[in-house]
Amino acid sequence: MMAKVLQKTYLILIMLFLYAPIAILIVLSFNASRSRVVWGGFTLEWYTSLVNNSTIMNALWTTFGLALLSAFISSVIGLFGAIGIYSMKKRDYKIMLFWTNIPMINADIVTGIALLLWFVRFLPLGFSSVLLAHVTFNLPYVILCILPKLRDMDIYQYEAALDLGAGEAYAFMRILMPQILPGVLSGFLMAVTMSMDDFVITYFTKGAGVNTLSTLIYGEIRKGIKPEMYALSTVLFFIVLVLLILVNLPYDRLHLNLSSKKSDRETT
Amino acid sequence: MNRSKSRLLSIPYIIWVIGFTIIPIIFILSKAITDSDGALTLANLLAIFDPIHRKALIMSLSLAFISTVLCILLAFPVAIILRGSHIRKKSIILFILILPMWMNFILRILAMQMLISNNGIINNLLTGLGLAPMKLINTPGAIVLGMVYDYLPYMLLPVLNSVLSIPEDVIEAAKDLGSDKLHVLTRIIIPLSLGGVGSGITMVFVPSMTEFVIANILGGGKIQLLGNIIEQEFTVSMNWNLGSGLSVALMIFVLITSFLFGRNREEASTGIL
Amino acid sequence: MAKELIRFENITKSFEGTTVLKSLNLSIHENEFVTLLGPSGCGKTTTLRILGGFEAPDSGRVIFDGEDITSLPPNKRQLNTVFQKYALFTHMSVADNIAFGLKIRGTDKDVIREKIAYSLKLVGLEGYENRSPSSLSGGQQQRIAIARAIVNEPKVLLLDEPLGALDLKLRQGMQYELIRLKEELGITFVYVTHDQEEALTMSDTVVVMNQGIIQQIGTPEDIYNEPQNAFVADFIGESNLLDGIMVHDCLVSIGGLEMPCVDTGFGENNPVDVVIRPEDVELDAGGKGQTHGTVTSIVFKGVHWEIRVESEIGITFLVQTTEHFPVGSNVGISVDPYNIQIMNKPSREDEQVFDQNESAHGENYES
Amino acid sequence: MAKELIRFENITKSFEGTTVLKSLNLSIHENEFVTLLGPSGCGKTTTLRILGGFEAPDSGRVIFDGEDITSLPPNKRQLNTVFQKYALFTHMSVADNIAFGLKIRGTDKDVIREKIAYSLKLVGLEGYENRSPSSLSGGQQQRIAIARAIVNEPKVLLLDEPLGALDLKLRQGMQYELIRLKEELGITFVYVTHDQEEALTMSDTVVVMNQGIIQQIGTPEDIYNEPQNAFVADFIGESNLLDGIMVHDCLVSIGGLEMPCVDTGFGENNPVDVVIRPEDVELDAGGKGQTHGTVTSIVFKGVHWEIRVESEIGITFLVQTTEHFPVGSNVGISVDPYNIQIMNKPSREDEQVFDQNESAHGENYES
Amino acid sequence: GQTGANSSSGAVPLTGETLTVFNYSEYLDPDMLEQFTRESGIEVKYEEATTAEELYTKYKAGGISYDLVCTSDYMVKRLIDEGEAQKIDFNSLGNISNIGSRYWEINKAIDPDNSYALPYFWGTLGILYDTTKVNGEIDSWDVLFNGEYSGEIIMQDSMRDTFMVALKYLGYSLNTTDEAQIREAADLLMKQKPDVEAYLVDEARDEVVAGNATMAVVYSGEAYLGHLYNPDLAYVVPKEGSNVWVDSWIVTKNCRNTDAARKFLDFLCRQDVATANFEFIYYSTPNEAVIKSMDAELKEDPAIVPTEESVDLCEVCTQVEGDTTELYNELWKELKAQ
């Protein structure tokens, strides 16, 4: 019993650690003072001015567009890439994994400047160049999320589909896709997270007039973060929270590897 | 699946890797092995051994190492508690743990700064309770705190995944053979989740080696990490050759360490779900 | 008989509202080979897990060597388990797997090395010390699991369908090895299986279970020749299970045909179940017998032919014999009175004949 | 005999340098039930996968109905497979699993619904349409896999150890159902198993394989009673495999004892292998017989007792009999000349007696 | 920000012309960009940078063709020296008279003919301190070095600014190229480091406002906001002298549409626009028309309108060349790594 209490306490402390700063951001969104270090009373002003702030709203849509689009593109390329890598011989497999890991271990600024130097040779900087950059740094995470699922998938189901008359593409879509979908999904989420958080690479590869929330926030540190940012973060936080809870409902049906422990007992 | 045919599927990815990983790396490499006049030199690579750089490297290494170890130490109990718990939807917990990552990183670090600054929330709480305020911010410890805070979810995910997927009967077998709880932990659970820890290390240790924002905001700019130096070589001193050289050297360093420690890292990168 | 070592006293266990074990009582003696036998889902593994300490009973006690061990953790119990899925430690070599328990007890290094070698020899895998478990075949893994358990010289060895994944030939080999081990080491075996032939071959005592209730405890011969109810009769080997009426002691009427038997005490004109083993039905090509019938199918089974005979009295007999009777031929049918087994009609559900579909149903786990 | 439907011509296949099938030739006829039987790793699954189109042979051809289908993809072949591990589509309902092939062929919705119902009835699982495969027991999953295959009315059904995971009782039930299906639907079965009893029970033709080479093709009776070499003799059922010397036609000397037999053509004074089935060894409590021996062990097997007798001529006989002989008793031993089977000594490795440890070795897959 | 008198008038249809403008972040009221487009029909692609070096890197990479760039004095000089700027006849701008002559004078340090750079904002570097936490009046850099406020000092996390403080305290020019003087300054800074609570750029002001530190070296514009949030804060330019800085606009050599660029610059000089921008950032403006229209309270705040005397104590920071740069980099890294 004592142990249970200790365990609960521990979990709560970890949660506190992770969420205390977020609570501060939420409080700040109601702070009437423009300075984050001065409490100026309660206000909802920032929530209303947020909607009218075209710079922030534009950056918001750019951020979302960029995150979703880059996550989508990297998921598609990553999915096919992972399947290809999975089918390779051991040596090629290792080589591919090595290169897949490289963007992860490169300092952001190095990646950002290298891409900048490369992009300017054939591409005007703009939304598309940032998109290319984001896809580039998303890909490793996507691939590394999908590969284990490929390793776990039941290839016999695919063969069974062929056996029953399905063409390869059809069998792939109907049979293999549902099995690796959780991996693709987590890769996608990971990519969205990475894309939304990135500042350095985005900064160096973006064109004039293109802003994401990250680049805005970076610029604002100088003069103090605009309170609208806190309001926006708060709104986003609760939207994501609700979305995650909704997404979570059918989650258990997707046969995720968390359930593997249980399923051990099932097959006798 | 027809292997030779499905290998073709990776062509777009391979093109992407060549186009956007390998070519830029060549750019960086070519900067790294030349000086500002374009003459070949190893000086930029070897500059990592200059006393100042070496000091920064050692500082980066120690902070990244401590952060990684702390992340492991914090994440393991979570995984083990969740494994033992009867919570049906462990996935919900998982999501709650990663949700903070969806808030902008700088905002979170700034909030952390408000928590731990001299006249910050924690110290105000302490003085309110009649205790002496603590020196938290602008110390190496604050940087470690920031890194742990920012990277903990990246450790939690893979560790949780691998701890939860250890078959129960293996643990029962160990108990059956006489293991007590501690022994099960050290001999069975930890060794069997090393894969997950490995990918956690990749996702925590590697970025903390190149981290500079946390060091600037929470370390008060008094602590120089290799990430800061690389950043400064690029943006302040505008010595791209040295910056490239240092980062290539760092990359080689990380590759070597990850080769030594994370042999089955790819095996274990379990992803979020 | 040897001294009692283990006693289950009124053990009850349920999972999520479903009762899996219903006041189970069982004694196990020293150096006995006890087999728990029953269809999938009947509670065999649960019984074993309660004995191993992995599951706590809802009520009842487990007595070991005179002491109540109901709430003793597994690592404090003097018994070792061979798990249904081996549960080898994949991150350790074969030698480290086997040494696991010894190291915990702080056994001397040299002794450990010797014991590893000895136990590998016992299971016929000398020289496998440095292999990784995942490089071994199923049969070899299973033997490592056994070696890992016996090297600790437990008083009792629990085995949960250890041979389930092996093919027939390997299974037979392992059966002999296990019996040899039991004799050589003098330890008590508690063995779980759903293979009746395995149970009969290896055990001193067979415990037949169904739906969490013990149906019969006895020697293999008892169980096979004197099943106490229709479930046991049907589950242990193939049998002709017929409705009969006990005319009076030593005479039973089956489909109108009165047949002498040796059972008494079932009253007069009471409905009963009659069990006749297929190998006990005698056929005569010349037509001699208590009744007649026509052969409707004959299947070659190697050792014998399996024949179906439709008899005049309207009953189809399953017959096993080494002689060949062509389909369509007319044969005489007779049964020795000693080979007719009379049983009361089932009083509870779990005593009823094992029905394939139903049992498959019972297997369904929620997912 | 019916028309030839499938012919393997000189099929050879190797994986990573190891030859798995060595110039295999095999004919399968319409509506035949052919079983591939052999120890683990002998190439049964590989043969089936080549027929199914999942693996391409290195050389040789597969002829189906007169046409060369060697390079036809699986989805173009008129045969369906029931996989060793079921391979049900876990994310679809039972009905969607069964309808999968029909939908691809664009069958009408109402027809599909009817066919699903019909095929579920065939396998005894009416009303299971909306269940998820993972909520079913192993036996039920297997039957769904069968329903999914037969609903497409293939000319040939390939089954890879479909009953391997089931317990004895369920296995026997499914064996009968499969035979019934074959008769009802009139399709050709190619069946893979390593269970010899299953092979004998179900097949029209048994193909015994070892190490990628066909050892013998024949009816179950042929295979059991007239094994062509020591491997077949030993693999099909238990047997006494003895070294003998053929004194002359119809007389063989075993351990110095001359025994009459019925085989001819083995020359004079040549070393031969002698096979005597355990059930063919006759024991006599009174001591009458060709030689004498002492009972060293007796195991109850249900249908019979399994007895080991150490004979005067230095050979231990394995005997199966329904009579009980106590350990230590002296018995006479005799064998009917018709039950003595003479074979030439093995000329190739794959014909040698199946050795347990070696086979376990062969099972090792690289991990 | 407030919009000027023209804000309500009807928009001019887009002419299809565009200007690509590169500026520091948070350094222009975004409403003014919209207003410019409304009035002129010229679209503005607006790009921001947080530091001069970042700006330079992106500018030089060449992925974007910028027309107008606003950056700090030393970077302006560098760009002019590298031939990146176009000569502009500032007299042709209608509102140019709003820019006080004093600022053109200061700017001569980087642009001797005043033919490239148009002053935008300017200021000094000084000490922002909490009057309730210090003993007496502060008027010298000495408080940063005498150890009295150990652990309560925030220095700029910027190489030249921090060296400037030490050089000025030692009585040298901040543009010195004398290695011995620079090394002396470095030694002083090394000695000071244990007393320094943090080296910050952007958050220095907030730290003093929040009471996390007693004093910080900040730009004069930050001081005004600091005072606004916490009336106990005061700003001083020490008597040893300091740095006076001017951020200016230049038109790049790539600019094709110089007419549009001139229109934009003229627009920035207009009183209402300059007022809006001033009220967006509260840095000192060189626009005399704006200063005239200010409240008296603002006009007298030395953080907003530095006094003539304090400016006279100050020097403009110009670019240092080759070896000196390397020396600075080296010493700075050493200081930070200590």
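Going by the order they are written in, the chains are A, B, C, D and E; count residues from 1 in each one.
Keep in mind that, in the parts below, a contact is a pair of C-beta atoms (placed from the backbone, for glycine too) under 8 Å apart; a residue touches a chain by one contact, two chains touch by 3 or more.
Because the structure is a prediction, the values reported are computed rather than measured.
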Both-way neighbours, i.e. chains that touch chain E and touch chain B: A
Cα superposition angle of chain C on its copy chain D, in degrees to the nearest 5: 180
Interchain centroid distance [CA atoms averaged], chain A/chain C, Å: 54
Averaged-CA centre spacing for the pair chain E and chain A, given as whole angstrom: 37
Chain A and chain B: spacing of chain centres that average the CA atoms, whole Å: 16
Interface hub residues of chain A, defined as touching at least two other chains: 36-37, 113, 117, 168, 218, 221, 264-266, 268
Sites on chain B at which at least two other chains make contact: 167, 169, 234-235
Contacts with 2+ other chains: residues of chain E: 54, 57, 203, 207, 210
Residues of chain B that touch chain A when the two form their complex: 1-14, 16-17, 20-25, 27-28, 74, 77-78, 81, 84-85, 89-92, 94-112, 114-115, 121, 149, 152-153, 161, 164-169, 199, 202-203, 206, 210, 227, 230-231, 234-235, 240, 243-244, 247, 250-251, 254-255, 258, 266-273
Contacting residues of chain C [partner chain B, same complex]: 52-54, 73-75, 79-81, 83-85, 87-92, 100-101, 104-105, 148-149, 152
Residues of chain B touching chain E in the complex: 52, 55-56, 59, 113, 117-120, 137-138, 216-217, 220-222, 224, 228-229, 232, 234-239
Partner chain D, residues of chain C touching it in the complex: 39-40, 124, 132, 134-140, 167-170, 172-173, 194-197, 200-201, 220-221, 224, 235-238, 277, 279, 299-304, 306, 320, 322, 354, 356-357, 359-367
Chain A residues within the chain B interface of the complex: 7, 10-11, 14-15, 17-22, 24-25, 28, 36-37, 77-78, 80-88, 96-97, 99-111, 113-115, 117-118, 132-133, 135-136, 139, 143-149, 155, 158, 168, 176, 182-183, 185-187, 189-190, 193, 196-197, 199, 213-214, 217-218, 221, 225, 229-230, 233, 236-237, 240-241, 244-245, 248, 251-252, 254, 256-258, 260-261, 264-265
